[in-house]
Every structure is written in structure tokens, then in C-alpha cells.
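Naming follows writing order (A, B, C and D), and every chain is counted from residue 1.
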Amino acid sequence: MNKTIGVLTSGGDCPGLNAVLRGVVCTAAKLDWKVIGFRDGYEGLLADDGHMELTLQNTEGIMQRGGTILGTTNRGHFVRKGGSGGRGRLDPVVIARTKETLARLRISALVTIGGDGSLSTSQQLFEAGINVIGVPKTIDNDLEATESSFGFDSAVACVTDALDRLHTTARAHKRVIIIEVMGRHAGWIALHGGLAGGADAILLPEIPFSYDRLADAVRAREKSGHPSTIIVVAEGARLAGGREHYHAAQSGEYRLGGIGETVAHELDRRINRPRLTKEIRTCVLGHLQRGGDPTTLDRILGTSFGVKAVDLIAEGKFGQMVSYQHSQVLNVPIASAVRRQKIVQTDCQMVATCRAIGISFGD
Amino acid sequence: MNKTIGVLTSGGDCPGLNAVLRGVVCTAAKLDWKVIGFRDGYEGLLADDGHMELTLQNTEGIMQRGGTILGTTNRGHFVRKGGSGGRGRLDPVVIARTKETLARLRISALVTIGGDGSLSTSQQLFEAGINVIGVPKTIDNDLEATESSFGFDSAVACVTDALDRLHTTARAHKRVIIIEVMGRHAGWIALHGGLAGGADAILLPEIPFSYDRLADAVRAREKSGHPSTIIVVAEGARLAGGREHYHAAQSGEYRLGGIGETVAHELDRRINRPRLTKEIRTCVLGHLQRGGDPTTLDRILGTSFGVKAVDLIAEGKFGQMVSYQHSQVLNVPIASAVRRQKIVQTDCQMVATCRAIGISFGD
Amino acid sequence: MNKTIGVLTSGGDCPGLNAVLRGVVCTAAKLDWKVIGFRDGYEGLLADDGHMELTLQNTEGIMQRGGTILGTTNRGHFVRKGGSGGRGRLDPVVIARTKETLARLRISALVTIGGDGSLSTSQQLFEAGINVIGVPKTIDNDLEATESSFGFDSAVACVTDALDRLHTTARAHKRVIIIEVMGRHAGWIALHGGLAGGADAILLPEIPFSYDRLADAVRAREKSGHPSTIIVVAEGARLAGGREHYHAAQSGEYRLGGIGETVAHELDRRINRPRLTKEIRTCVLGHLQRGGDPTTLDRILGTSFGVKAVDLIAEGKFGQMVSYQHSQVLNVPIASAVRRQKIVQTDCQMVATCRAIGISFGD
Amino acid sequence: MNKTIGVLTSGGDCPGLNAVLRGVVCTAAKLDWKVIGFRDGYEGLLADDGHMELTLQNTEGIMQRGGTILGTTNRGHFVRKGGSGGRGRLDPVVIARTKETLARLRISALVTIGGDGSLSTSQQLFEAGINVIGVPKTIDNDLEATESSFGFDSAVACVTDALDRLHTTARAHKRVIIIEVMGRHAGWIALHGGLAGGADAILLPEIPFSYDRLADAVRAREKSGHPSTIIVVAEGARLAGGREHYHAAQSGEYRLGGIGETVAHELDRRINRPRLTKEIRTCVLGHLQRGGDPTTLDRILGTSFGVKAVDLIAEGKFGQMVSYQHSQVLNVPIASAVRRQKIVQTDCQMVATCRAIGISFGD
């Protein structure tokens, strides 16, 4: 059976996207299917030159690289009101043109790789009669519908590597170093990266903190003979008492005077009055966390997701999304998957492990 | 309550051992317990100068490093007949001296970190009345009693990194490159490393292969426009028809003329007769796989195991072993845990994923 | 002959300091000399508990690690008026106490590892009768007195690695990414890192730039089919026409709203009016550049410098500084070495190479 | 002026080849020249489909990758009698066909990137009237005609990284680990990698060693409290008294029972009789040293060489070879450059540095 399928990557990029693409292409090749890739997320569905054929040749060696050879975007005609998480409906004209494109290219099914917002779009396309298969992408690991997703392990590895670097200079100068990492609503990257990188304190959106307790933690370390302190702060970390810190429009962006700077400032006020006792420095990882080659885990996850997406097409299970559960790649309805966020439970084992070894959450 | 506990690392080293040690020490420190580390595996229990106190100070920064600051060994008085996997009984004199040492140092519980053979020893010590807690260590990931164990992800990362290096040179010269990796009885490292590293063929102990099919795979790649081929072979890979290749005494050792060389030779006979058409090269990773800094995953697993071991002591649950199951660190009886190996199921999803994207198992 | 020598590390830390320390200790050990290390730069000379013996045992494995096991500081009693580059004289009391400490510990010669300011201090101590040997440290590579110095290659490697990460995400989103790196007065890190990392534009203190030309470069890339642009900017980059951007007190610090942000803002004004055509993101590497394990080159340079320092003591050549010239480690008088900066010549071969392959300097 | 030039990569691959290619292409693009790349070394000059156009587009991002996108070979019609170092003359038919190809493609000059043997070929082509520019390639760093060459720093970094890995496992088990690295005639990789990686002994072709002295070094370490020993051995290391060890046809190949194994065996005989006192393990790095992404230095060197090659064409300086001397990229006649090898001088500063810190050369 000769079939043509489409594929696209949508939303913020993360390591593993190319692994999914290669997984789709290699699996399709064994079935003698043709694969059309759309450029720049859903936008490629509307542009005249918005697509390219993906082959074994032009996807060779891409699994090992970050980014996405198809390009991606957070903007455009498919973003509904309310931003990438918007609940608005797609413009009917956009849906009609999408169908036209797919018909013209004889594409019988479309694999969409994207986050929460992109999957909502996929669901609408499915409801409009398009044979869609979703592949979840969340570098923050905050989708309830899948236990693991590619990109997360690579982002954590980037944080861990940064902490390894910062430890040596922090110790040499007996400094406090604050490192701001991704995580608007869920603190998984901060939690995993902080634990693996040997942080002394971790500030999460899920566990409200106070500056006084944080300052206590720094002083307690000093007293016990540890003159340097490394603090990992998720960009969405929240103060106890409801004060909000998060004000960025987009995860992973470098922002002027983000929460890292604020924490540095507040800590400075509490520790270095009346006189300087401890130098404080800040580091914002920003886009470094999105880049780089994927880790082994993310290559395996991405590839497995791509293979499963093609399997689902072969089985005709449209409107479904690939999902990792209990060490297996399964499928769940897209509809039931979107809008349910997975956050760090404050009483979970990993938080308890952190506390057991003396990591402070500033609470 | 002031308590003293002991800890030791036994068997082949792997990344993450130091993370366990630091996890034990930090958790004990919060409880005001003293930790005594024994040197060179169980042997430290017999030597006069076989121990050292482990403190927050001398374990600072060790989580991030491979190896074990306590030293370890595969040999000595605690290795029973039949090698590390031997089923013999410990010498009663050895047990008596062990008890003496623990009594002299007022050690009320002992954490043993080791593989299958070491855990059998732990079980015997427990049966002899010693308060033992086991922590599983298997770089090969082949213990049934725990879904994951530290060291494995780091070993796989080493294989993946090696494959990334070999791809560029293989392509430049259009060569076949064979890379021999750890895995005597279970092919997990070859399977994960091969998939993540973009191998074209993977040979495992669990899936018997034939040289003719392997040669077919190389020729098929050539025909489809891929002039280079990367083959990952586990040291315990087996030929269909029962012929055995494995003949090393110790996993991870570099062996003269191991299976990698044999595969190269047999492939050469099949491909390069009557004339050379394809250069073949071999690479044996050996001990490189055991060394290096642990990955984020192995640091987290190792730390969590160390914390759990102290928790189990606090709860008095002796004769138990730490175990990772369904995303949780739990405990299981040591007795039920040893001797049950976890091997690659030939019909598992990961093998199917490999086949789907065109990886050959030589079968 | 039984001798005791002292050693200290001063100023900002950089990879390779521990290699120097180990080089000193190993060489001294072969001569049966004792080595005393002073903590926290020169400050250790004044504190009661400011020193520790350095031995083969406690320096084992340190060459491979960043930071300095002795600690260091940019502040304290030895910093003259005008900051680290101050030309003031040391307080005579401080000199007297230093001599006392050295006499009490029977230290016959002192190796000081530091930058420009620290070497000025060394020269004053030498003039006051102390047997000083200087070892130059400049992560920025901006000391005229030595062709190469340890730490620089590691800092450049950090920048290159960051660029590798940013390329994938920049391409995926067709963005402009600006990365701010160290280099207040000399642009060596930006130049080497930018060339090695495949930057499209590099802004240096030595080559004044204009925002209009920089915007032209971004547009020219777009037109020629390269929708993403990576710009490396040294923290001391200067605008043509004399406007200054640099305003940080300390190299390597993360600063709120540094030049990276300013460039992003000015570029945004020129490119994204009247409507957004290109997203712009900024990344500040900051202290990441100082941390991490030293590269092979920095380990070799650091070790060679440490060995040479002990050689100079053995030869009684005090007041001299180790220096790398024409592939050899030599010595030059400290007096002639300080205060002469090595900056990028605008007509040098490396700048010409950058221009030849199309890198813009915004001029 | 519209011009077409050719370029090819010949001999064993090494990191930095793609940087040269990109340097050539980018520089040519600014001059509006067309670049034709020949595949598989000189062989591409004879094959009908042996070439491809190189453009800014298809060379984007290649600088950062090892290998060569053109392919290369050590075999074929251009290899003279006596192997890659053979002094024989090229077949006149081969020269005639080469000229034909160049004429047909209107190629006015040819850049050849290769080692000693390839440069000899280039010289013959130049003498036959072809406008050749040579670019030296030697991963072993053993060409007298250039102080530095790309690929070497990357190979050393690979060795250093391997030593970092082996140290942790060697210490954990108190073992002797022998690591065999490239270097048939010159020991630069072993010397630099051994020093940077913290080796305890280094065996070079240039400094004949004895097994008894090597065994002494291992015993001396044991006695001084260092139970593990790391020995780096160049594949061409030689025994004192003229006995030869080297017997491989090709640098970088993995060979059955190479010198690493021999050293292990001989050391075992001297140390472990009458009973085992120290486990010995061997590791052969082989092709891992050729692969991987180039270091910053190799990217800069490679790019600079490519730029210079085009400059030389623009100046009409044919028969010349690019060369790095005294921190500058210059040119020298190819004729004077070939056949002169650069080896380690036994009394050079780096060897003295190694001895000063206690590294044994087994002599």
C-alpha cells in the first residue's frame, strides 16, 4: 500500500524533535510510505513552499542533533486567543486551507509534535475531520498525559553541567551563586537538576518559599563549615504568602531582571547588612537549556514516539496521542490529554530525598 | 539517639557509587548518626586499617565523580566458591571476625552496596545475625529485583558518545565499524546504546545471530546508498545454533581477541572475498564504560538509594534491599532478590522499535 | 637540602589553577621540599589558620578540576586603592605581618599565582625583600608578558559549547541570539569563541561597532537564505563614536541589563519596526566561563607553569615571572611584566580570517 | 572575476577537515568563486560522479562536525608503491585523466588536504602543470613543515577524556591500566594526552623503554601510597635495545594483540609472580581518537587553513602549502615540506616537565 503522511513540529524547540522525525521516516520507509514535512510548525500547512519530502537520506544523522530540521514557531495562524495555551477556536478559513493542502499533497494522516497548545490545535483539526496523531513535547515535563517526554532529560543535563561548573568557582570564592532555570508552572527541571547538580537550595513554583528562610539556609551552611551555597531557582518560583514572581511571556526566554536577580537582591539585603559578608552572583541559563545534542534517554524516547505515531496511523487510531506510561509507549485520546498539568507534589519521594540530604526549599 | 552505621561498596565499580555514599552520609548526618566506611569491599571488615569515618566534609563533591572513594574489589575472603556468582557458604571464621569488627566499632547496622554476588554475601551475613541493608549495583541493569540501577545510564551514555565519534570516521571512509560493549548475559547496554547511538545492527546475548544475516544487512545498506555500517556487539552475544562466543571471566575487561574481533573476522570472510570491498574496523570500549562522571539520572538514583538505605535502618527493616519499582524507591527482601536475572525479552517494545527503524539483530 | 616554599592563588578563579598547584607540589616533592599553601589569596598570609600543607596525597586528582583548592579572593588587605588594578602601595604593616608569617613557617620562597593586580602586589613584596616568583593568570588572555595563559582555552571552550547549543535553537526558530561573553578590555574570548562557535557577528572592545551596520548584517543574512543569526558580544564592546557600554566592576560577573541586553534592544528597534520580523534573544554566560574542568591545553600550561616556578626558586631567580613565549616556558622580570595589556590588533590575521569567511564586526 | 576551484580531502580522516572545507567555501563565496568538491580523496578526480558543488548552504554547520563530508580514502589509484608514504611516481594515465576532469569542470586550481603521502601526490600533480595548493593534515602532529595542524588537539582531548574515565575505575580497584594511543613514529599524542590526563608513565617511540624500569615505576608508586597506575603507550613505542613493537599497517587501527596487550603481559610477568598482587587492564582507543567534534583550536586552525588556501590561489602561489609557524598561517613550498618528520626531542621542555612531576618514561 502506497501512502503519504505528513509531519510537523510546533512550539518551542527541544532536544529530541529530530529523533521523532527520524523515527517517523525510518518506520514509514519500511512500509514504503512517503513522508512530507511541514516547515515552521502548523504555518507550513498554509504556505506554498511550506513543505519538503523527508527521506532516509536527508534525515540521516539528525537524531543526534538538537533543534528541528523542519523549523518551528510559537506564533502564527494556528495560535488561538490567549496565547499558546489559548482555548479559542481555529479560524474556519485556516482549517479549510489546511484540508486543501493535505488533499493536494494526498496526505492521508498528519503527525503533530507539540506541547499543550499545539495538541489543542491537533484536537480541533481531528474534530474537523483530519486524521491526526499527536506526539507530546514538553521540555518542562509538565504534561499529565505522559510520564516522560523527550527534551526534559537533556534540559536537566544542561542544568547539572552548569552546576558542576558553578561549584568550582563558588567554592574558590566562597560565594552564593543563584542559577535561574526553566519551569514556569512546574519545577521538575529545578528539582532534578538541583538534586543531580548538588544544589544546596531549590526554589520551585510548587513549594512557596520565604527569603528569611533562604537566608537562614545560607547562614546555616556557613556555620557548618560550607562557605559556598548554590541555589537553583525555577523561573516560576513563588513566595509564600501569595506574592508572584513570574512575569515572563515565554518559558526559556532570557528576561531582564528575572527572578534570579530578585532572589540575589533580596538575599543580599538579608545577608550583607550592615556589611558585605558574602558575595552573591546570578546566572540565567535561558536558551542554553533548549539547545545541545539530546541525551541517550531523549534519543530513545523521541525515536520510540516517532515509531509509535506511525504504528497508530497503520492501525487507523486517529485522534490519539502517543504517551509513555509504566515503561511502555502507549496511546491516549488527545482530547483527554490536553490541559492537565503534572506538577511536583510537595510530599513526593524526590522532595523527601532532597530534604533528607539537607537541601533547603526555602520553606 | 546516637548511632553508628557502616557502609561498603563491593564488586566492579560503576558511576553512582559515590552518590550512594554521600546519600547515606548526608541522611545520617541529619539524624546525628556516625558513618564508618569500610575499604575495598567486604575486605575492609577484616583489616585492622580497613575503615575510615565518612563525614559531610570528606564526602563533599563526591556525588559528581565516578568510582568509589572507599575502594572495591571482586576478590578476597568473601568471594565464595564459583566466583562472584558462587553459591557456596562464607567461612564461619570470616563471619565471626566481621561481627567482631562491627562490635568493636559499635556499628549497629551495615549498608552493603553490590551486585548479585555481593548481595548473596549480605544475605548470609543477615542470616548470621548482622543488621544488613542491601543496595543493588549492576551496571548491566540485569537484576530482576530492581527496574533501574545507577551506573547503567552512564555506561549507555559512554557507548552513545563512542558511537557519535565512530559515525563520522565510518562515513568518511565508508567503513564497517564494530564496537564491543559490556553485557555478558543481558544485552541492555548494547540495546540502549545502539538505539541511542544510531547503530545499524545490534548483537545481543538474548537474540542469537548468524554471520550470513549480518553480512546481508551490511550489503543491504550499501545497496540502499548507506556505505558505512556501525555494529554494536554485546560481549555475550551468541550465534544461532548454540555456538558460544563469550569466554571472559569478568565483565568490562578488555580481552585479547574478544567477540568484536571474531565478528570482524567472520564478516571480512563473507564480504571481502574474492576482493576487498569494505574495510572493517573494531573498537572495544572495555573499562571506559565504567569510568567517568555519573549522568544526572545515576546521581539521582544513587542518592535516592543511599537515603532509602538509611530510612530502612531507622525503621529497623533489616535483611531488606533497596529497589526501584514503578518510579518509586521501595524495599524487597534480599533473599528474594538475588539470583534472578532480568534479560531482554525478544518481543519487547524496544526491540520492536529497533526493528521498525531498520536496525538488524542479525537474526 | 630541606626547604619549605609557599604558594597562593589570587584574584578571580579560572581553570588551571589547581594544575599549577599540583605542578608545584610534585616538583617540590622530587626535591624533598615541603609546600605550604595559603588560603584565600594573599589573605592567608595574615590569618592564623590561613595555611595548609600541600602534599602529593591531597593534591592527587586536582589537576583535572577547575577552581582552586586554596580558595582565592578579589578583596582584602592586599588590594590597593583603585581596585585590583590599583597602583597604590601596600600598607607597611601588611608587609611586616607577611614577613612574620613566612619567617614563622620557615618559608624561603613564595609562588604567587595571579593576574595583573596580584603581580603588582608580588613585585612590591619582592621589593620588600621577599623571595617571590610570579605565575601569570588571566582568563582573558590579556597580559602582554605571556603569549598564552591557562584558563583562556577553557573559557573559549565554554563559549564554543554554548554557541553549539544556541545554533540548534536559533535555527529552529529563525531567531537572532546574542551571547554576552567575558572581555572588558580585550576581546580574545569573543574572537576565538566566536570563530570556533560559528558566530555570524562578533563585537569586540578593539573594533568599535555601529548598530546600523549590525542590523545590516542580520538583514543581509536573511536575504541570502540564513534566517538565524548568532552574535557574540564581549562585555567591553564599544560603539563607534566613543560611546561606552562597559559598566561592570568585575569581569565575569552577571550584571543586570549588561551590554547583551542593550544590543538586543537596539537591534530590536532597528529590525522589528514597524512590525516584528525577527525574534531576538539574549544569553549571558557569566560565571559559567570560569567554571568547569580545564581543557588539555590548560592542564599542560598550568602544570608547566608550576614546574617552572619551582625551577626558578631552585635557581634563585626571584622577582621573576613565568611566561610562555615561542612555545617555551621562560621567565621575565615581574616588574617589566605588569601593566602591559595585550589587545586584539584590528589588522591581525585572525580578524582577517573572520572577515574572509563573512563574519561581521559591526563596523 | 568568475572562477571555479576544486578541493578534496585525502588519507585518514581527522576532526577539522570540514572546517577547512567550510573555510574554503566561505572565502570563495565572498570572491564569487564556485567550489567543486571531489569525493573520496583523489579518487573523485577519476570517477564520473566523483564530485559535487560545495555551497554556503550545504556546508552550513559542518565546521562543528568531525569526519569529512567529501569522504576520503587511504587507497586507490593515487597511492604509489610503498603505501601512503611511497615514493613511486604516479601513473601518467592517472595524471592525464586528472587534467581532463579539471579541464571539463573548468577548474583553475585545486586545494588538496592531506598528509605526507597525499602532499607528495600534490607535488607531482603540480610538477605536471596543475595549479595545486596543499593543506597539511596530520592527526599525529608529526609534519616538520607546520608547527600545529588541526585534528591533533581533538585527538589529545579524546585521550585526556579517556584517562579521566580510567582514573576513577583504576583507583577504585587499585589497578594498573594501560591505554594504547595513536603515534607510530612520533609520540606527541601520548605525550600531550598523558601529561594532560595525569598519566603515571608514558611510553613513546622516541624514548626507548625497558619493562624492568616500568615495573619499578609501578612498584615505586605502590610503595609511596598510590596503589593505582595509569600507563599511556603510543602504538609505536620502542623497547630499549632495539626491539621493535610496532607492526600495524595503519595508524589508528585497532589491532589484535597490539603493544598495549604486550605491555600488559610483560608487566604481569614482572609484577604478579609468584602471586597476583596487582590486576592489570588494557584499553585501546583506536578510532575513537579520529572521531568526534573538533575542539575550538582545531576549528580555528582548520578554518584559517581553508581561508589561507584560497588566498594563495588568489595570489597565484601554486605549489605552495599552508603552514602554521610562530602563531601565523604562512606558506611554504610543498616540495620542501614532505618527508620531513617532526618527532619528540628527548630533551625538550615538555619531557622535562613530565619528569619533574614524576612521570616515568620507562627509561
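Just a few scattered comments:
Note that in this section a residue touches a chain if its C-beta (ideal position, glycine included) is under 8 Å from a C-beta of that chain, and two chains touch if they have at least 3 such contacts.
Every value quoted in this text rests on a predicted model; they were computed, and no experiment measured them.
Counting only chains that touch, the fewest steps needed to get from chain A to chain C is 1. Using the contact threshold fixed earlier, the set of chains in contact with both chain A and chain D is B, C. Farthest from chain C, judged by the mean position of CA atoms in each chain, is B.
Chain centres here are Cα averages; for chain B and chain C they lie 41 Å apart. Averaged C-alpha coordinates give centres for chain C and chain D that are 30 Å from one another. Centre-to-centre, using mean CA coordinates, chain B is 34 Å away from chain D.
Contacts with at least two other chains are made by residues 164, 167 of chain C. Because contacts link each chain to exactly two others and close back on themselves, their graph is best described as a ring.
Chains that are in contact with each other form these pairs: A-B, A-C, B-D, C-D. Per the touch definition, chain B reaches chain D in the complex via residues 9, 12-13, 15, 17, 40, 65-68, 71-74, 158, 162, 164-169, 171-174, 177, 253-254, 256-257, 261, 281-284, 286-288, 290-292.
For chain C in complex with chain D, the touching residues are 22-23, 26-27, 29-30, 56-57, 60-61, 63-64, 147, 153, 156-157, 160, 164, 167, 192-193, 195-198, 224-226, 293, 295-297, 299-300, 303-304, 307, 310-311, 326-329, 349-350, 352-353, 356-358.
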